[in-house]
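As C-alpha cells, here come the structures.
One chain, chain A, appears in both complexes that follow, with chain B as partner in the first and chain C in the second.
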Partner chain A sequence: MDKKVAIVGFRMKSAPDLVTTRERLTFELTRGLFDDLGIDRTAVDTTIFSTNDFLDGRTISNVFLDGPAGAYMRDESKVEMDGINALMYAVIRILSGQYSTAMVVALGLTGSQVSPYLHVEYQLSPVYDRQMRLLNELSAAAFQARSYLARYGYSEKLLDEVAAQALSNAAANPNQARKIPGASAEQVASSSPYYEPLRELHCYPPTDGGCAMLLASAERAKELTDKPVWVLGMGQSIETFYLGERDLAKSPSTAQAAQRAYEMAGIRDPKAEIDLAEISALFAHQEPLLAEALGLLEEGKAEEAYRSGDTAISGKMPLNPSGGALGGHPISATGIIRTAEAVRQLRGEAGDNQVGKAEVAVVHGQDGPCAQQNAVLVLGI
Partner chain B sequence: MEETRVVNATWDISTFKFRIEGFGINNMLKKMKEAKLLGNRCHQCGTVYLPANFYCRKCHIAIHEPAEISDHGEVMSYTIGYADVRGNPLDEPRVSLMVKLDGSDTWIMGAGEDMKPEDVHIGMRVKVKWAEQRVGNLQDMESFIPE
Partner chain C sequence: METSEATFITPVVPMDFTYNYRIGPYMTRYLEGFKERKILGSRCPACGRIAVPPRKYCGVCNKVMEEMVELPQEGTLENFTVGHVILEKGQLKAADAPYVLGLIRLDEKASLLLHRVEGVDPSRVEKGMKVKAVWKEDVEGDYGDLDHFEPA
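Moving on to the complex of A and B:
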C-alpha cells in the first residue's frame, strides 16, 4: 500500500484524572485538531468513534459524542474495540475512494470514573468463567506471564527490567499519565503484589485519556500538512476467547497480523527495516512476548535484549520509546495513542523520547483477555 | 472554565437468561454428578475439548464424539493472588491453577488446595477434589489437590 492514506494530525491527552466529562474531552480533542489543521468540521467526511459501552455506563455511547465531535448531521459510526481497529476502518473508507478524509476519536475515562480492571470480569463467559470466580483481568495476565517466563526459563527480574524501562520513558513524555522519574527495577520489584508474578508497577495504571486523529487521501493530505505519515500496511488476527485453548506463552495472532501488515508494506526483514515499535503491552511480560511475535526480538533472547540496552530509546530496536501502556491505558484509546506516538517519532517531534533514525515504525493494538485480538500497522515517511 | 462535579450514576442490569449447549457444556455438567468429566473430540482433527464444545474451533465443523477425560492432570500455569480485582487485599494468598487433564488438549482452571504457594510449579501433578454432594454444576469440582 504505497502512500495512499496518510495521518495528517492528532490531539491526545492522558492523566490519572483529567477532571473532565466525556463530552468535553471529545470537544477539546476534536476542536483542537481542527484548529491545528486550520479546518472546520465540514472538512471531515466521516467520523469513527472507539469507545466502550460498559465503561461509558450507557449503550451505543457514541450517540452522546457526535455533537461534541462536530459530527452533527454528518457521517458517523463506531467500533467497540481498541481504537486501532477504528483507524483501520478509516483507512479502508479512504481507500474506497468515497471519502477524502476520516477522523478517528477514541477515549476512555478509566482513571477517574470507572474501575478499569473490572471490564474483563464482565467480558467473561457468564456460564463458565464467571461462575468459576477465579478469572479476572489480573489473574488472566498472571497466567500468561507465568507461561511466558516458563517457556524460555526467564527470571521474574525480566518483568522488573521491562517495566523500569517503560516507566522511565513514560516519565520523560508529557503525554503520559503515570510519572515515576528514574523508575528502577528494584522499585518495580518492591511494588504491591497483585497476582504473582505481577506487581502493581508491572500492570497498566487506571487512566483517563483520549485521542482524535485525522487521516486523508494522498491528494488531500498534501493540502493539510507538510509532514504526512503514511499507512504502509495493516493486518489483524483473532484467537479463541477461552484461555485454556490458547498457547499463552506466544501470540500467534500477532505474528499473523504482522505478517499481513509487513507483506502489504513490502517489509521482508522487520529487525533490519523497522526503526521503532509502539506496542500495546498492558502488562510488563506482554512487551517482549509481543515484540517476539512482531519479529522484532529473537525468541528466547529477551533478557539479553533488555539488559544490553537494545530496546531502549538509544538502542537498535527501541520498544515503546513513549513509555507504552504502562504509562497510561485509557481503554479504547490506547492503540490510537500508540499510533500518535509513532507519528511523533516519524516527524522527529518526540522530544526527550526521540529515537535516532525514525523512518519506519510498527504499531500494535490489542483487544480481549490476554491480547486475544491483535492489530498491526506499519507507518512510514 | 466552570468546575466539574462527580455524581453517582447507576446502571442496574437485571439477571440475564443464557441457554447452554446440550452436547457441549450441559452434558459435561450432568456427568459431573457422577464425579466424571466429559469432553468431546473432533472426528476430523482429533482435538479433545474440555470444557466440551459443540463445534471444532479449527475445522469449523459440528462434532459429536464424547470423550471421557481423566480427573488427574498437569499444572500448565498458575498464579498466587494477593488482592482481588478491586484492589482489596485477600486474607490469605489464593492459588489458581490452569490444568491440562490427561486425555484433553485444552486446559481448565481451578483453585489449588492443600499446597503451599511456594511449592506450586509448572508440571506439578494434581487431581480434582470433588464435592461430596454433587448437583451437576461447576461447583461440583471444588478444587485441585496434589496427586
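Moving on to the complex of A and C:
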C-alpha cells in the first residue's frame, strides 16, 4: 500500500473539561479543519464518526452531529469503537475508488459529562460479570499489570517510571489534558492507590476531547497539502472476551495486527525501521506490554529500555512522545488523537515533543477490557 | 459566544430499565450446580481446556463443548489485586477497607475464576496461595451462593 492514501489535515482538542457541547466541539473541530485546508463541506466525499451512544446517553448519536460537521445530505456513517477503526474505514473507502476524500470525526466528553468507567462496566457480561459485581475496568487492568510484571520479574517501580515519562511528555504538549510539569516517579508512586499495583497516576485521567481528520487519495492529497502523511499499512485483531482465558501478560492480538500492518508497509525489522510510536496505553503497564507486541521493545528488557532513556523523546525508540493516553483519554477519540500526534511528528511540527528522526511512525488504538481489540497503523512521509 | 460553566442540565439516562436477559442453558446448569455446592465447567473435546463458568464453545479452539465436569473446591491463587477503591455506577470511591480479588485456578486445564479472597491480610496475600471455596449457609442456585474463597 505505497502512498495511496494520505492524511492531509487534522484539528484536535482535549481538556479535563472543555466546557462545551458535543455539537459545538464537532463544529469547532470540523470547521477549523476546513479553514486550515481552505475547503468547505462539499470537498468531503464521506464522513465517518466515532462516538459512543452509551456515553452520549442518546442512540445513533451521530445523526445529531451531521449538522455541525456539515455532513447532511452527504455520505455519512459511524463506528462505535475507537476512532482508529473509523480511520481504517476511511482508508478503505478511498481505496475503493468511490471517494477521493474522507473525514473522520471522533469525540468523547468523558471528563465533564459522564464517567469514563461506565464504558467498560456496561461492556461486561450482563448474565455473569454484572451479577457478580467483582470486575471493572480498573480491577481488570490491575490483573493485567500484575501478570505483566510477574512474567518478567519486573519491579512495580517500572510502572512509576513509565508513567513519569509519559506525564512529563504530556506536560510539554499543548494538546494534552493532564498537566503535571516535572512529574517524577516518586510523585507517581505516592498517588492514591486504586487496585494494586495501579495508582491514580498509572491510569488515564477522565478527559473531554475530540479530533477531526481529513484523508485523501494521492492525487487529491497533492492539491490539499504540501505535507501529506501516508498510510503505509494497517491491521487489526481481537482476542477472546473472557479474562480468565487470556494470557494477560502479552497482547497476541496487537502482535497479529502489527504483523498485518508491517507486511502491508513492507516493514521487516520494526526496531530499526520505525522512528517513534504513539500507543493507546490507558494504564502504565500497557505501554511496554504493547510496545513488545508491536516488536519495538525486546521482551523482558523494558526496565533497561526506560532507565537508559531509549524510550524518551531523545531516545532511540521514543514511545508516546506526546505523553500518550496517560495525558488524556477522551473515549472514542484516543486512537485518532494518537494518529494526529504521529502526524505532527512526521511533519516536524511537534514542538517541544519533537523526536529527532521522524520518517516512519507506528500508531496503536484499542477497545475492550485489558486491550481486547487492537488496531495498528504505519504512517510515513 | 462562549459556553458558561453553569449551563449544565443533568438528564439521568434510566439505566435501571428492565432487560429480560436469558442466561442460557450453560449458565442455568452452573447455577443449578450451586444448589449442590458444586462448581461446574464445560470441557473442550479438542484441546481439553475447561471453561468456568461453562459455555457452549471453547474460547481458544472454538469447538462445541458438551461435557460438564465438576471442579475441585480448592485451587491456587494465580493473580490478585488489592482494591482500595470501589466503582459504583461509574463513580470512583474509597473502599471502607482494602479487599482482595483473585484469579483462581481450580484445575490445571481450567480457565481462571475471579472471586473475592477473604480471611487473609491484604498485605500478606501472595501468588500461589492455596485457597478454598466458601459457600453461603443456604444455597439456592443464585450467583451469590459461592460467597468467596479463603486460604485452604
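Keep this in mind: the second predicted complex is superposed on the first by the 381 of 381 C-alpha atoms of A that agree within 3 Å, B and C clash if a C-alpha of one lies under 4 Å from a C-alpha of the other, contacts with A are read in each partner's own complex, and residues count from 1 in each chain.
By our rule, a contact is a pair of C-beta atoms (placed from the backbone, for glycine too) under 8 Å apart; a residue touches a chain by one contact, two chains touch by 3 or more.
Treat the numbers as computed from the prediction; the structure is a model and nothing was measured.
Undergrad: Once chain A from each complex is brought into register, does chain C clash with chain B or fit beside it?
TA: clash
Undergrad: Considering only the touch criterion stated at the top, classify A:M73 as touching first (chain B), second (chain C), both, or neither.
TA: Neither partner.
Undergrad: Regarding the shared-chain residue A:Y194, is it in contact with chain B (first), chain C (second), both, or neither?
TA: both
Undergrad: Using the superposition described at the top, list the residues of chain A that contact chain B and also contact chain C.
TA: Dual-contact residues (chain A): 19-21, 24, 57, 115, 117-118, 121, 126-128, 131-132, 134-139, 142-143, 146-147, 150, 192-198, 240, 242-245, 248.
Undergrad: Which of the residues in chain A come into contact with chain C in the complex?
TA: My answer: residues 19-21, 24, 57, 114-118, 121-122, 126-128, 131-132, 134-139, 142-143, 146-147, 150, 192-198, 240-245, 248.
Undergrad: For chain C, which residues count as touching chain A in their complex?
TA: Of all residues in chain C, those touching chain A are 2-3, 5, 11, 13, 15, 19, 21-24, 27, 49, 51-53, 55, 59-60, 79-85, 87, 89-92, 101, 103, 111-116, 127, 143.
Undergrad: Mind pulling up the chain B residues that touch chain A in the complex?
TA: Those in contact with chain A are residues 4, 6, 9, 11, 16, 18, 20, 25, 49, 51, 57, 76-86, 96, 98, 106-111, 117, 122, 137-139.
Undergrad: Report the residues of chain A in contact with chain B in the complex, numbered from low to high.
TA: 19-21, 24, 57-58, 112-113, 115, 117-118, 121, 126-129, 131-132, 134-139, 142-144, 146-147, 150, 192-198, 240, 242-245, 248
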